[in-house]
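Two complexes are shown next, each including chain A; its partner changes from chain B in the first to chain C in the second.
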Partner chain A sequence: MRGSLRLPGAGFPIVVKWLKTEPLAGSELVMDKPSPFFSNLKCRECGQLYPKQAIHVCDFDFGPLEADYDYAAIKSVLTRELIESRPKSMWRYRELLPIDGEPSVGMQVGFTPLVKADRLAKALGIRELYIKNDTVNYPTLSFKDRVVSVALSRACELGFKVVACASTGNLANSVAANAASAGLKSYVLIPADLEQGKVLGSLVYGTNVISIHGAYDQVNRLCSEIAGKYGWGFVNVNLRPYYAEGSKTMGFEIAEQLGWQLPQHTVVPMASGSLLTKIHKSYKEFLELGLVEHSPFKIYGAQATGCAPISHAMKRGTDIVKPVPKPDTIAKSLAIGTPADGYYAIHSMKQTGGCAEDCTDEEIVEGIRLLAEYAGIFAETAGGVTVACAKKLIASGQIPAGDSAVLCITGHGLKTQEAINGKCGVPRTINPSLREFEEQVYNPDNASAAAQ
Partner chain B sequence: MAEEKTRLWLMFPTRLITRPVIWELGKKFEIITNVRQASVNDEVGLVSLSLSGERDEIKDAITWLEELGIKVEPVEINTIEG
Partner chain C sequence: MPSVLIPTPLRKLTNELDTVQAAGANISELLENLDKAFPGLKNRVCDENGTVRRFVNVYVNGEDIRFLKENATEIKENDEISIVPAIAGG
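Right, the complex of A and B next:
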């Protein structure tokens, strides 16, 4: 049998041949199957099936595990009408999410606005543009509330009392908030140099914030050791197969909000590459279930040039993702030098006919300002990356100017104010005098002359 | 001390491809090595390896591998994002 072996730390995919056993039949597994839709965990590499427990790596080949569904069963019950009859949250697609019972954490998460941004479309030079605005996701203003809701709902089902994560900020905020609301004890591990807004945004929920000196790799190692030793529910370690599936809801919502159709072009920021692959999966699932019509769609990945291992591999025409040992960008939430899903993200882009782009820190700031000034949306640095890369993709003709595109904006700008501090001008200060106002700010005579 | 088990990805640089490093590892440290996959070409060797043993012994083994110039990553690598 043929498969690929990749070293995530090196991003080296090497195609090899190896012997492997056939995946276990479903009846041979220890099944806990109250959900008729969410069947098993499945190795993305070899297809081996696993029971729905807090595991994330295939014992056989160390490939990543992901949720596996019975699409025939889902297709027999899930219709547009049923979805539309449900509350406007991400859980309206719950048959396609990896939990057994009813969701218990984050009931209000998701169904964020899909904003038609005509002025920004004109500024970027494209006919039609939508912003999937997860800067207003509940409760912590980032798309991470989607993944955390699923991870913690599943953590409750599996009986965890302590949950944790390693994060550069947004995920920490979301775990802290959602664990607080669910009454779970939580620990968040963060790099010591994190932005103050994101640190406070976790501390306020009463979580245990552990600030760690050292590179991200070292933080990751500590997390894997803790998860293994204490049996905590680490949302992005042993609960990762559940956590990652939450990202699909962003794609489901885009398709529903566009009137049950897929966008021609979707631009997605990439850190590990997971969000991009899950949006691709969401579109494929809606197609398989007949919830949207078949139409061509392309997915594009956006990274900061200071940490662009996936974009650089894509531009080199390879799926060998070379690690970036020392990321150097203001887009810290995207600064993953060793992207675990980089290989899969490249294949999603290739399969759909999309591509990757990256942008400098100056372009990120310009992207943040463009989004704010032309669409009224204040995004964090990852949002600036998405807008800046979309601008370049449109300018180069890779996204045709006559088409329609959706930009995925994943976090609020209040979290990364340091990135644009001093780059948006300063307020003009005057005395409380009308004459001074007219002299220094607004002169009606000059204004009307200028208008003529 | 309690026995522990850890799962690792190893990347061998070109100069170490032909050296029997995993055999040496088993001789040097009181650990059990279990290779789950391996791939070697002219430039690089990749091995997915499970190590069982006492915690300190495993840590010393990993340090030794890294000092040799082998990149060692837990399979849980890249937990940080967002």
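Right, the complex of A and C next:
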């Protein structure tokens, strides 16, 4: 299909054939005009350069490939004013995203609210608190629409007709929805024990949902094997370099919405650790481009204790991440026992002076309720993890009470109802009678007793 | 003989074969034998100390060897060994 030639001694592969197939219907911009900003893929371990194709690991050391940009070229065009003049979506930062032409999938994704949460700040004991609210991301109510928008836009440029993913739920929802709107065929592979909302939230789009007996890491392994065999675009396997960059937009938006400033403290939920490392990258890129001033910032990772390989390694003071064989937590979206970016996530936390925390299932439920009752935001279990861990970090003084923090809340609560079912009380049922209402619910003469 | 699933990045070394047969009583031996048949393969999978690289997972019948006996994990006649690059989140 496409080839690259490695000359002995040459620094990087020479592209001999640049995807020269028939023009693809609906994507005329296929590769005929490469982006002037997005130059290569580059191995994070050894720096080897690769062409911008559907490849994800280095031939020499299996290091992950990452998008590499010409920052000088970007700096010469990208200004705060230019960004502000564009539509309110994640694509306002398009020079910093790894596609060649115009985005074709997910034009409306992103630019979710950054909510100043004063009551929650008080409840958690910190001076200032913001919620980056990706529970209302378009179209599938999680931050995964960001990564999928980039991965599928790139998949179209590369000529894929079938896209797929391994998922703990949210990614599956997003691939299914965005593939449906783009007219791509899709397969989503998930562990068999996911919440009903996550399963239905994929099925409804007419995708092929394949539910696998086993934990996410088994699903991953199978996907790797399928991706190696069939020419499908797996968003988190062979399209991973494109996928992963989409997460940067959450960080870009936070900085812009704070008035072109980096937050002092950012708390990020971790599964594979990709989102955290990309938020770090986004802050570094804005600094490099002069879009924000230098100011100290720290990044913290949050996991569920029942699957906390990254947090536990960080607490042990090592960057050797010991996989968790059998994740056991209600935060199923974060239940990745073998986190591919754990090593880099640890280095991001270390470099910025942040740290990791983890929390029990009870604390997750409490986190969900705190966020709902004090900020009016209904998050899924990953959001509960983030709030619960932030609470512990503030209580222990690791995030100083006098500072300002941003919590990345990454998915909507209606998708994980099982986690809190029966834990937020039940409706009081009465007959349609004013007397019953006054007897059982609200009595103005005895308001303090009846009303809660 | 046990069969070994070869990931895409290594297939340039295996003449594009996605599955190969290799003998060996344990993972170390198997990797040595694979390297004889496909020179250079072991260096891709393992670092200088012979341990499996950070971004590679090796499975015996679907079980990560880090949960078994790492390189000393025994292999039986009909086992299926997979070499899989790490995968981003989901």
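FYI, the second predicted complex is superposed on the first by the 413 of 452 C-alpha atoms of A that agree within 3 Å, B and C clash if a C-alpha of one lies under 4 Å from a C-alpha of the other, contacts with A are read in each partner's own complex, and residues count from 1 in each chain.
The working rule: a residue touches a chain if its C-beta (ideal position, glycine included) is under 8 Å from a C-beta of that chain, and two chains touch if they have at least 3 such contacts.
Quantities reported herein were computed from a predicted structural model and do not represent experimental measurements.
By the document's definition of touching, neither partner reaches A:G402: not chain B, not chain C. Shared-chain residue A:G317: touches no atom of chain B or chain C. Looking at the shared chain after the overlay, A:Y343 reaches chain C, while chain B stays out of its contact range. Contact with both chain B and chain C is seen for A:V237 once the two complexes are overlaid on the shared chain.
Contact with chain B, but none with chain C, is seen for A:S142 once the two complexes are overlaid on the shared chain. Once chain A of one complex is fitted onto chain A of the other, the partner contacts of A:V57 extend to both chain B and chain C.
By the touch criterion defined above, A:C223 lies against chain B and chain C together after alignment on the C-alpha atoms of chain A. Once both structures are placed on chain A, chain A residues 56-57, 60-62, 165-171, 216-217, 219-221, 223-224, 227-229, 236-237, 240, 271-272, 274, 336, 338-340 are touched by chain B and, in the other complex, by chain C.
Contact residues of chain B toward chain A in the complex are 4, 6-7, 9-11, 36-39, 41, 44, 46, 48, 71-82. If you check the complex, the residues on chain A that touch chain C are 45, 55-64, 165-172, 214, 216-221, 223-225, 227-229, 236-238, 240, 243-244, 271-275, 322-323, 325, 336, 338-341, 343. Those residues of chain A whose C-beta lies close enough to touch chain B in the complex are 5-10, 12, 14, 16, 18, 56-57, 60-62, 142, 144, 165-171, 191, 216-217, 219-221, 223-224, 227-229, 234, 236-237, 240, 271-272, 274, 333, 336, 338-340, 410-411. Those residues of chain C that touch chain A in the complex are listed here as 5, 7-9, 11-12, 18, 44-45, 53-57, 59, 62, 64, 66-67, 82, 84-90.
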